[in-house]
Amino acid sequence: MLKIPAEKINDLFDRIAMQQTLYIPVDREDKAAEFKKYESGMTLSKALKTVRSAKDFFFPQTENLAEFKLSGKNIEVKDIRQENEDFVVFGVRACDAKSFEILDKVFLSDPVDTFYQNRREHGTIVTMACTRPEETCFCTTFGINPTVPGGDASVYFDGESYFFVPFTDKGKAFMASISDMLEEGDVSKLSEVQAKAREIMTRLPLANLTTDSFGGEKLMEHFNSEKWAELSEACIGCGTCTFVCPTCQCYDIRDFDTGNGIKRFRCWDSCMYSDFTKMAHGNPRTSQLERFRQRFMHKLVYFPANNNGEFGCVGCGRCLSKCPISMNIVKVMKALEDK
Amino acid sequence: MQEEMIKRAKELLADGTVNRVLGWKKGEFAYDSTPAVFETAEELERDFVCDDFTQANLSKYLIKESRKEGKILAFLKPCDTYSFNQLLNEHRIIRENVYVIGIPGGPKLDVEKIKAKGISGIISVKNENFTLKIETLYGTETMPFYEAISEKCANCKSKKHVEYDELIGAEGDVLNSKRFDMVEQLENMTSQERYDFWQSELSKCIRCNACRNVCPACTCENCVFDNPKSGIDQKAAADSFEEKMFHIIRAFHVAGRCTDCGECTRVCPQNIPLHLLNRKFIKDINSLYGEYQAGADRTTKCPLTDYKEDDCEPSVVHERGVE
Amino acid sequence: MNNDTLIPLVGIITDVRQDTPDVKTFRVNALDGGKVFEHMPGQCAMLSIPGVGEAMFSITSSPTNKEYMEFSIKKCGCLTEWLHAMDVGQQITIRGPYGNYFPVETELKGKDLLFVAGGIGLAPLRSVINYVRDNRENYGDVQIVYGSRSKDDLVDYQEIIDEWMADDNIQVNLTIDNPQEGWDGHVGFVPNYVKELAPSINKTVLVCGPPIMIKFTLAGLKELGFTETQVYTTMELRMKCGVGKCGRCNIGNKYVCKDGPVFRYDELGALPDEY
């Protein structure tokens, strides 16, 4: 397997960044990790996860859709779309890599969202196998193997070297562009690291969580469950879970008057917000119970109902660590599951 | 402590003093309790928890809970009683529908601070003589207790309960905290340095509204940032000005009412030290109008909603703004 | 790059008709004349005034109208207030068509049809009614029961009198909620009127109006012996994208903008009661 020694990883980043924009996870001052545009000298974070997921690269928090020039009674629509530049996201974990497949099902289904599609076509995903899963991890519940993270190409770290394996054409092109920096390496230590990670997976606190009680066929049963009142009781109706979630993709479309025309932009929205479904003449979800229920029903029931049983969660655990009141999909699943 | 609380709650449920109990419910892990309402002794015994990680301020829930049928028992830490009092002053809570038991405060722990040490896969956390013994998936780790203390507790302003019906544990005092030290550091920066500091912090904001929604001072029925008729309703900042506008306007709006409970900083998923904005206002109010602590009592008027002849003139803004 | 449905086209208002005190019907053309796009009866379009907002409206004109599209819009919010202030010549943005449509070419073909509408609920049905009138040979009996608060609140009243009531092939039954000077027609709520009329239970019913009217109409129809598979309605929830992606107009796993707005009642009954 081709590898690069750990001490040379920044040389590799410098090389990639010369060719296209590179994003890597780096530690902030507060020790939390986030994806940043690589600049020479940046250190690859050792953190398992970034606070914000990697969905931002394809579905950013805000993006402009169109511009309008108004003059008198006339409107001119300006298509401001531009072909994206090629970019590489390095160090994406298996959960986030899987989230792109879920987002694809929404944004690439007919009619295709060209804003998303454009970024998807130009982005190369280089994943990184997990070696130190955390207590909040439950990706295996959704059939994800974090030691084989997928993407266009994968990187495996054995503590000394980074090993590379390409999967797609984009991944192969990426490998070709750096092949002169790679050398053939011995994978015996890597196999040990992988085996250790797989062993840890079986000991995770949430290792036994299953999706057996969920899916499209449970629609009415779960919707009408009496447990929602208690589960949603403490929810403060913020959008934290939604915004750190790699699969949440609801959006709002808004207009902004720049003083020199109107900019129409789309931004993340949250079904947890009180105005999400509010209309001039009423609101079908008037209390937090209904909004809270919507988010979990979407991931555990509605999404699988519409997508051949696939769930709208990848078990990354971000909502588990970030919810202000520590209510999350795991607690919901445990409360609703058949006992 | 937890056992004593459960015992007392069961008594008050049994004798009909209250019909519900507001506390914290055990989570999946060592640190993820959720605010919860308990209705029976069985629920309390099974799920009630009060430990080093039960940080959440329960006061704001009483706005809703005190409007329900019957009386509710609420366990409030000293800092939470300031929020409770302030909400009473603002006529948001119906006092007679709440039975308050004051409980000792922290220092509570912030699991993020443990994780920031590179400790991951946390299974359990035990405090052994102020050393945390942390069992993880990767073996046992230790770290000093005081390095894991949450921001709000590290700069505790008071261990005294300002409103309660009864207390469990000993009453404490108002403390001489160092909570304005960081504000002073910011004040001593050049305006460019200060701007850069806030630019770097506030640009992390993802507008999840957790700070606003958790804030006991943010109780407007329809926030200006949610109201389409306000012209500034936003779900995301359209530019870097709007990024800061949300937090600055919010800090202005809670000025004089913010008790410095620290919930905003606790819940921020991006670890933005939002409390520093509020503390700047508190410090300014103290220096311009004399010492004032929101929520400290039920009678003192907030200087910002009161008038005295010797109040400072609006020009103070300009004068203080000069470098 | 391919077209993106979120980037709208521009249309021009070519006629404005005040139908009731709070409903105006707007005629929309493409800038170079003709229609901005084709549609089927029951489908919707996103109309917008940039800087004010964008919202979904049902297309009230029939696809058989080859010259223009029409939208009957009730003034009830920020955007609709702006729309009501528009004059002829004003340009707006428009995108669509969105959603499914009444199955005029399949299930409804050859059937006796009963249209039941209340207030502005006539807007989506008007498209079907005129489509049926223009393809009259494909359908059996046609009966329209339409009611509103008052005589003045009957949308498209002139068209109803001039064309529908004059059409021997259609039975039109109008009603208003309360007696009113100058009104010698039926007085009473729509659901009750439907029961009084006791239409043949062989008819297929298309119903649209305020939720409460729909609810009681459905109950009345059941009493008369109609089944849920005979009744179609059209729904309205808050929408942003129009194509089932922005995530807010769902009833259970169905998106009203994409899987609806037209639902048969048995389909709706299998979904959560959250609308």
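Letters A, B and C name the chains as they come in the text, with residue numbers starting at 1 for each one.
One rule holds for everything that comes next: contacts are C-beta pairs under 8 Å (C-beta built on N, C-alpha and C of every residue); 3 or more make two chains touch, one makes a residue touch a chain.
Only a predicted model underlies this, so the values are computations on that prediction, with no experimental measurement involved.
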Chain hops separating chain C from chain A, counting only touching neighbours: 1
Chain whose Cα mean lies nearest the overall Cα mean: A
Far-end chain from chain A, centres as C-alpha averages: C
Computed distance of Cα centres, chain C from chain A, in Å: 40
Euclidean distance of C-alpha centroids - chain B vs chain C, Å: 51
Whole-Å gap between the CA centroids of chain A and chain B: 30
Multi-partner residues of chain A (at least 2 other chains): 252, 269
Per-residue multi-chain contacts in chain C, two or more chains: 78
Sites on chain B at which at least two other chains make contact: 228
Contact footprint of chain A on chain B as seen in their complex: 27-29, 32-37, 56, 61, 111-112, 115-116, 118, 120-123, 136-138, 204, 206-210, 212-214, 226, 228, 234-238, 266-267, 269-271
Complex interface listing, chain A residues touching chain B: 28, 30-32, 46, 48, 51-52, 61-62, 132-136, 200, 203-206, 230, 233-234, 236-240, 242-244, 252, 254, 256, 263, 265, 267-270, 273-275, 320-322, 324-327, 330-331, 334
Chain A residues touching chain C - in the complex, by the definition given at the top: 65-66, 68, 70, 73-77, 79, 81, 83, 106-107, 109, 111-115, 118, 216, 219-220, 223-224, 249-253, 255, 257, 262, 264, 266, 269, 271, 276-281, 284-285, 290, 294, 297-298, 301-303, 305-306
Of all residues in chain C, those that touch chain A in their complex: 1-10, 50-54, 76-78, 80, 87, 89-93, 236-238, 240-241, 243-250, 252-253, 270-272, 274-275
